[in-house]
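Pasting the structures here.
After this come two complexes, each holding subunit A, first together with subunit B and then together with subunit C.
Our next item is the complex of A and B:
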């Protein structure tokens, strides 16, 4: 018996046991450098990598920001943190405070008017906050043992990624699974002379040290409208140039209310116009020539800045995807993915803005990233549910929504199979402030039969995001009109109007809410 | 030329003067509770963190400044209106920060050598 457990035998057993545990530590049986390599340190990439690391996977993240045409660059965190949601919302808040200051007089505040706004102060505060988020993410990654590399990644084969630093340093990394989460960047209308040389995009706007001044915003997506909105709010002259419709993809009645409010607020709109060229004058001002597509006539005006908000393109250009067999959508050029975020290559996944058919939203990317991490660690089989994702457009009059637009509901169910309840309401805060509430509106789109299940909910007003969040949850739980009507409101709020809604569009009655 | 300059200061005013005298430099500051005659701080976390921070100082960038700042005694620190809390926005001791940037490590974060090294070595 003793012979079997001789010291040399024991040493051998111990060594192989250690070897096994080493293999478990690297987690990939020693075959790959990492269990998961994430390309893209934005909302989706970071969420997935942190979750995977917490679940014991060996994870690395590559994040690299190609400078914008103007040369703007930023740190770790992706679009949301650096040039999207965060700076946008802060600047929107700055604009709202401007309105609040104006209203304050009616509420008794002795504030000398007119009040002026300093861009440099706002920009610095916003930029400092963003930088603190960059740092926070950096610390989190380090803390959770996620290897971070400020390098540009490209695929060599389905398990190998080539990494390139800005200084030209190169290295190769292998991984069992690869996640592509490189997001998107603003498009430039390259066919418009002067567009690249003289225009800026949302990549640049939040990082400007000096005020953008009188600005032409080309594009009426939520990016365009939100930017034009807060620029107007902080006292700058802003014009939105719209090719055809505003907020494409959103409920068009609600979109109209948003832009009507903005027009009353002071933002100018050039409807049915397309830019023709941008030139720089000796004064430094930009002269824009555009065509009114209704009349065919050309027009001109000068601006300090031209902001292109004409769409976003997926960041796939330098990933070398097609050579490795990762298929892209023919139209959008986004990465094609299955329900489990898998691409056409079995161990390569894609989430966030880069993935075809996904909402271009931070919370969905984060949620999908976490669920993917759990699936990759073998702890779950739960897939991301992309239905009924709520969102809010942070224009001067905010618009929150969840579910189907009225048009989409009509398309899917048929006009006579849906019931649309609606109401024009007046926020209490607007009364003393003598503000116009004509565009404050609620619409609840329901199935016509039975309990009338709610399929779409739309709200324009103050704090639309805060109002919509809770109702979005109830929608996921199968909210019906009957339940909505049966719930008790909180008074006095705007949200309570949702519990009191009863006029249908079908009735043709006046939907203006009166009194308490 | 020495890799970095270490300056020991005590109290808010001395800290501010030291910083303004070195305007334009890469300044790291470590805030700790005062040490007594025996060299022991009233702040147990500061006692724990100091050797960790000192252990990584060889990674400080060339030409940088390292300010070791004693903030005051415990009652001074506990006062929510003390200058460090009010103006420098410190929330706890120990705090290690890179002056003029959002880079900062607070309390238990200072126990982690890899985080300290990250702050000293990354841009």
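Our next item is the complex of A and C:
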């Protein structure tokens, strides 16, 4: 009898403990309009809202796209769906198919050359697909019972959000928890005369109805290189203007291989150059003046389009964050977050591109969003693990990587404490096609002692994303060089070269390997 | 959804000619309290009342807004085929003309309403449209039949005939 009594007391205590941990089964219990209000309908925001709704929370999503400087706007889904990953990959595929058509002749196909490309056809197909995704997301929100509002949100206080529609309709909404997932937008170099008036950004490129023509891409981030890459691939003249280095933050040896390949592919590079001004000529062409910082000389050339790929800025301007007490990072102006995505205001969270120190990637935003939803529902305490996140740069020669760059590994462990295995390989597909494989390369960075745990893995070649995905998983499971060497490859593939890797940088030997 | 459809029909009919129509609605409790104009109880929404409805014989039309949909689709004399489509949908562009042809064959016994789901998202969501093309057969405001995706001419002919009641 006494035991029963104490057990029911325990149950009562547990139940009230659960109450305290934000869990509601029947909605917000009247105090707030919603359990969770998400500002931003992109990768992170949508994932979190759908998961939270599925776990019984009352959720609303605000999504609003401020038109670009050029006036481009798009539907629900965020950067990835509309002006990022999806259209990028489709256009990259268009370019790859162009190369395939060129190779095809050597494989016996009777294709009359030269083959030409029509931008309008590509653009329409890509844009139609993106619009179908906008609709798909809309349906998903409906199915999961998430309230969707095409309105711009700004914080009034830590539980209240003001919503504004494009037609000026205003309303106020309250929520127990608020998630900021508004992402980022491309930066414009406003100090360059003509930049705003005549240049475009990645926000506009994928929505152009007419071909961008001869394009100057300013910036050698992955955005700049990927865009210049596919523009070259579909037959347009593309130039990349680089201020200092390409692919900042990535392994620099790999970055050089990527840009070397692109130069061979036909993309022009202006190294150590900065744009000075952009003017429009009577012909309609854009005249760009730039300075070569090595010589101090100015140069000029004309282009049909100028694409600014000089970085992305967080969308915090109109959220009214600081007045509510949400702290931003001094340099980046991104929202400061703790390990559990919490901002400086206890019930306000931030995930995705808007959050300081997070990778600007869709899968991490999605995963973090789902885990956050589970924590908010009181069902889990699992935090997002942002280490060893794999990624791929979809340049004409793709570059996939996971873990540390060689430079970072040297910094953390010391050059003496790491062993770098590497190989230059030739994809079988390149042989008959007589393609140059000088930049097809693999690098595995390991701890020098013991089993030689793998801390970084890098791959340039075909289908780099597909190749890297599986190895990234093994890295998370604690892959060692011993295990890598012990695994059996699939033949004939490029990926198998990773299982055969044995030449160290330290040995100084020629790292070119052959297939069979 | 049925309740909402019922309520819709009552609302639009009331707006048009409230003096002649019944207002006591047992099925739709949320509306009954506001519709206390006429005291005369009559069979609900019987078609024998002369309501100022416009009938479009043998013509397909683009739905303009919610009111237009209520007037020309829900309250249509004729059976209606509703074609939910999108600008970005390839198969819709193939199905559209085929549907028009099947409708035209019936020489005015059925009409077709075209709804662009991006322009009329709420309407599409209300009718549970997830993929396009989604085609709904409606008679007297009730959903009789529906299908998703492309159909060939024979299938469309039998779909339309079934709606008319042949």
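We take it that the second predicted complex is superposed on the first by the 489 of 516 C-alpha atoms of A that agree within 3 Å, B and C clash if a C-alpha of one lies under 4 Å from a C-alpha of the other, contacts with A are read in each partner's own complex, and residues count from 1 in each chain.
Going forward, a contact is a pair of C-beta atoms (placed from the backbone, for glycine too) under 8 Å apart; a residue touches a chain by one contact, two chains touch by 3 or more.
If you're wondering where the values come from, they're calculated on a predicted model, not measured in any experiment.
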{"item": "Combined model on subunit A where subunit B meets subunit C, clash or fit", "value": "clash"}
{"item": "Partner chain(s) touched by A:502 [first = subunit B, second = subunit C, both, neither]", "value": "neither"}
{"item": "Contacts of A:142 with subunit B and subunit C, given as first, second, both or neither", "value": "both"}
{"item": "Which superposed partner A:132 touches (first subunit B, second subunit C, both, neither)", "value": "both"}
{"item": "First, second, both or neither for A:109, with subunit B first and subunit C second", "value": "neither"}
{"item": "Common interface residues of subunit A - those touching subunit B in one complex and subunit C in the other", "value": "128-129, 131-132, 135, 138-139, 142-143"}
{"item": "Touch list for subunit C against partner subunit A, complex", "value": "86-90, 117-118, 121, 125, 129-130, 132"}
{"item": "Contact set on subunit B toward subunit A in their complex", "value": "101-105, 109, 112, 114-115, 118, 122"}
{"item": "For the subunit A and subunit C complex, residues of the former touching the latter", "value": "127-129, 131-132, 135, 138-139, 142-143"}
{"item": "Interface residues, subunit A side, partner subunit B - complex", "value": "128-129, 131-132, 134-135, 138-139, 142-143"}
